[in-house]
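Down below are the structures I want you to see.
Two complexes are shown next, each including chain A; its partner changes from chain B in the first to chain C in the second.
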Partner chain A sequence: MADLSANSARPEIGASAPGFWSRLQQIPRYYIYLLLAMVVIWQILFPIFLPITPSATTRGLEEAIRTVPEGKLVLISADWDSSTQAETGPQTAAVIEACLRHHKPFVLMTLAPPMGAKLAHNIASEIAKRYHARYGVDWANWGYKYGTSNVLMAMVKDVPKMVGSDFYGQPVKSLPIMKGVRTVKDIGLVVEVTGLAGMTEMWIGLIQGPQGVPFSAAYTAVMAPGYYPYLDSGQIEGMLVGAKGAAEMEVLIARPGRGMAIMSAQSWAHVLIMLFIIVGNLGYLLARGRERRG
Partner chain B sequence: MRWLGPQQATTPLVQHILLALLASGALLYLLHRFLGPRGRRALIVVVTFLFGLFFGLEYFLPVRTKTLWPTGLPNTGGSAGNLLTPGIEPMSNILAVIGAFTVGLGVYSLVQVHGRNVLRRRPGWHNSLAFFISFLAMFGFGLWQYSLHLPEPLPPTLTPLQAFANNGYEFLFRGLYAPLQAATFSLLAFYIASAAYRAFRIRTTDAGLMMAAAFVVMLGQVPIGAWLTRGLPNEGVIALLRLENLGDWVMRWLNSPAQRGIALGVAIGALAMSLRVWLSLERGTFFAEQK
Partner chain C sequence: MTGTEIAILWAAAIATLGVYSILYRENPVSRLLEHIFVGLAAGYLLVTTWTQNLQAKWWAPMVDSGRWYWVFAPVIGLLFYFIYSRRLAWLARLAMGIYFGQAAGVYFREFFPLYSPQIWASFKPLRPIFDAAAPPVSVSLAWWSVVIQNWLFVAVLLTVMSYFIFSVPHEGKAGRALGKSALMGRWFLMIAFGAMFGNTVMARISLFIGRVQFLLQDWLGHYVHWLAQRGM
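This part shows the complex of A and B:
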């Protein structure tokens, strides 16, 4: 990375003598913004759908949901807000769809930031309507719980007591879905959907490791590389990586959604960014060649 | 007191909350009144040490023999614990209460700063006014909507007041707050595109390798990558050259070992930092700047 920072401070080759090659290195940023916006809008309006092949990490999560034992809950920890909603929103939707498709009861919970409780709730409500899933029976929202690691430690001992009341303020003990749920070991799978670093370490350190509760996760593409070691060690059973992970899950459960819609825009945006990098480097290398020659 | 929720809206609980608030206020007043900066520092150092000691001991002390291997395998079944484990829940509650106080402190600080700006008509005071309007609107509608305890799904007929409260909250949250935050962060995509074009130059071999890895991962992350190499076989050694497989290989075999090293380094650093905070050795902590 040292190269990058040094590059940004260094004057461009050939910048002193403006020519075609040097101009290639100095495209005004407004054109870049405009082109990127145009590509994204073009693909949102007229998407070109390309085939999506589910990766091993996504298949792992789908399998983890499918094999949750009968009578156990899937706990989706929606620890995200609008800043990462473009990725975590479709991921949450895809995980909820997978739970409902496989007839696995699920609960939502948010440890941080508080906004996640409402955003995930809206997504779950909309999807639940399609599957005629009833709140309190097939799914529930425990809401935002303050205290992060302390919440997890308290869950080990007594889940209903820790949760107290749900998203609507009613006692969770009164919900049919909570029948038989006493400690965290009554949860069949935890799926952490997040754009925040540090949450996974907490879940693994306090719940997955000591209590043996299966754990999976969905991360924004930018933070996912940091969690591959946990995947290799088996501490994370499956993982969704960015919007692509959501799209792959949608393919696996045969339910096209927001993830697949985003992928076409993201595909062409990536191509455009790479083209810009290639053009900039072409200008740089050719200008350097000209300078060396004389 | 309906907004407290059906379970909690009981008189004893309200009495306890009021009593706890009064007691906390009185305690804080007495501490401020009778303790100087040195006394306060000593108090914070002792409390920090004791809390850190409690959580550290609870984690590291061996669990009771009876519950250590309940099913013959470590870490399975039963609820293993030691003599400090029962204290985890009350301690967690204490931390949650302290956390709630910090929310109040944050609001107080914001109101103080922006209130001063508005009252003295400082430059940009209209931004502070916008803070008050948005804060009160969100707070008011949020509390009002929550107090209604509307069921899921929403009943087909709501009273005009219920509809106003619900729609007002939904408009502020879903219509304004969420899209504004999402839009602000979306701008990053444009900055990244511009920065990548300007800064990413192949000046050295290292930079060239990095660019090659970046291109492979970028293409491997989107369907167009798989489409570009769709002609390659799905199985065998050559399948590794398919961009989606190549991207996965980079992540698993190149990125993963590097991440392990980074994680280990970060963990050791965090441990050292935690020790410094726990023992109050960190410079500048707890009124260190006060004479």
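This part shows the complex of A and C:
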């Protein structure tokens, strides 16, 4: 009878062959972490920037913001929190920067998780100061709105009623930026910035599709590949992919910021990981060949 | 920086280092910080839901505008707690029924606007015809580019779909052809998973860089700046 205990698992290739290539299979993971940390620290302290060429998806988002009709708002749905801040923070900053550069009024809203309202607010306040943009006139924050799909369905009928009060607790009806905003159709573009799966489906299924409101998005790199079919079908007009997308947007609007700051460390960390993969696989193949030869 | 800001800075730095200590091994510090993070997130959700939602939309109209009957609004939600009573558990099922029914209704409403454009978009012209009124700059190059993309798209779509036909044995002439198509589909899926994994690595590295940036620039950087100001 076969022994199914953990100790009887197939021995690792190279485990019995003590050569250089075999030892590559047994490097403690701490050394890999340490090397990665060293590369990241080196690049943050002494960055060597590699060229960044904006992709078609980023160009799509920039164009979508640039072509928002006069008098219509850009709604940035900041559905992220500190767990993805390293990617979604620079993305939110890049989208806000693009709105202000193109003189498009924007509002922030968070459907989930609630921390997004405060984190996005801090970013917007900081950037707005540089552009002398006034709260309530050039931008506003609707705050965290509980209820996800119910919020979106209520927005179809009456946006000010659904929003009620803003981030500071004042009625949104009193804000000049809300002049002329009644239903969701008065919004010129929705930009969803998120690390959560399922939010885009709600926006497209309840707002973009039935109401015809243009939709774009900025996703964490983990989830972005799943949304390329939506780009192909035209449901999403443009998309930022991870911190790289933020850096590309910063290149497009000629305003280097948080995304660019990450990209040098990111690029060199990728080079290191590629080296790990190549060396690891080479070691595996050579050790296997050696074992086969006896 | 004020004293409170410095305390926050140190708390964030200690939390970052403590959480990353899990890379060495499972330890009580990272476990404690994990619990603190979950507790903070739950507390923050509770407070924000009250201050930015319930207070203005439920409490104020009920107390200030005389809509006393809104006091019954949370009753359906509270029914969930009857799950702990064996005798009255049916009341909790009532609340669940309402909740599931609402969720199913919303999903049904979302489904067609969400997926039908993707089905239409998958019908690609294999012999595209350009608009004669506005031809591209280089018709032949653009035409070949679109042709190759569309053929590739259709081939990947069909082979990947054939991979998920599990009810037909890969025997006989047609079965073997299906098997070959399914094998190709599996290769395409592997390429897609590879791209997804690459993106996952990129995302994880970004998060790590974000924390290292905080430690070097915000935390240590604050003291480097402080020392520089004093000519040290």
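Definition applied: the second predicted complex is superposed on the first by the 283 of 294 C-alpha atoms of A that agree within 3 Å, B and C clash if a C-alpha of one lies under 4 Å from a C-alpha of the other, contacts with A are read in each partner's own complex, and residues count from 1 in each chain.
One rule holds for everything that comes next: a residue touches a chain if its C-beta (ideal position, glycine included) is under 8 Å from a C-beta of that chain, and two chains touch if they have at least 3 such contacts.
What you see is a predicted model, and the numbers here were worked out from it, not measured in a lab.
Overlay on chain A: chain B and chain C clash in the combined arrangement. Once chain A of one complex is fitted onto chain A of the other, the partner contacts of A:P225 extend to both chain B and chain C.
In the superposed model, A:I41 makes contact with chain C only, not with chain B.
Once chain A of one complex is fitted onto chain A of the other, the partner contacts of A:I52 are limited to chain B, with no touch recorded for chain C. Set against each other, chain B and chain C touch different numbers of residues in chain A, with B touching more. By the touch criterion defined above, A:R293 reaches neither chain B nor chain C. Once the two complexes are overlaid on the shared chain, A:Q208 sits against chain C while remaining clear of chain B. By the touch criterion stated above, A:Q266 is placed in contact with chain B and with chain C alike. By the touch criterion defined above, A:K244 lies against chain B and chain C together after alignment on the C-alpha atoms of chain A.
Using the contact criterion defined above for the overlaid structures, shared-chain residue A:Y135 touches chain B, although it does not reach chain C. In the overlay built on the shared chain, the residue A:Q235 is in contact with chain C alone; chain B does not reach it. Mapped onto the common chain A, chain C and chain B collide along 63-71, the only clashing stretch among 63-71, 117-125 or 171-179. Under the contact criterion defined above, the residues of chain A that touch both chain B in one complex and chain C in the other are 33, 36-37, 81, 83-86, 115, 146-147, 150, 153, 164-165, 169, 209-210, 221, 225-226, 229, 232, 241-242, 244, 266, 269-270, 273. Interface of chain A with chain B (complex): residues 3-8, 10, 27, 29, 32-33, 36-37, 50-53, 55-56, 81-86, 115, 118-119, 122, 125, 129, 135-136, 146-147, 150-151, 153-154, 156-158, 164-165, 168-171, 183, 185, 209-212, 221, 225-229, 232, 241-242, 244, 247, 263-264, 266-274, 276-277, 279-281, 284-285.
Touching chain A in their complex are the following residues of chain C: 23-24, 41, 44-45, 48-49, 51-54, 56-57, 106, 109-114, 117-118, 120-121, 192, 195-196, 199-203, 205-213, 216-217.
The touching residues of chain B, when paired with chain A in their complex, are 4-8, 75-77, 79-80, 88-89, 91-92, 95-96, 99-100, 146, 149-153, 173-174, 177-182, 184-186, 189-190, 192-204, 206-207, 210-211, 215, 218-219, 221-224, 226-227, 230, 244, 248, 251-252, 255-256, 259-260, 262-263. Partner chain C is touched in their complex by these residues of chain A: 30, 33, 36-37, 40-41, 44-45, 81, 83-87, 89, 113-115, 117, 143-147, 149-150, 153, 164-165, 167, 169, 201-202, 204-206, 208-210, 220-222, 224-226, 229-230, 232-235, 241-244, 261-262, 265-266, 269-270, 273.
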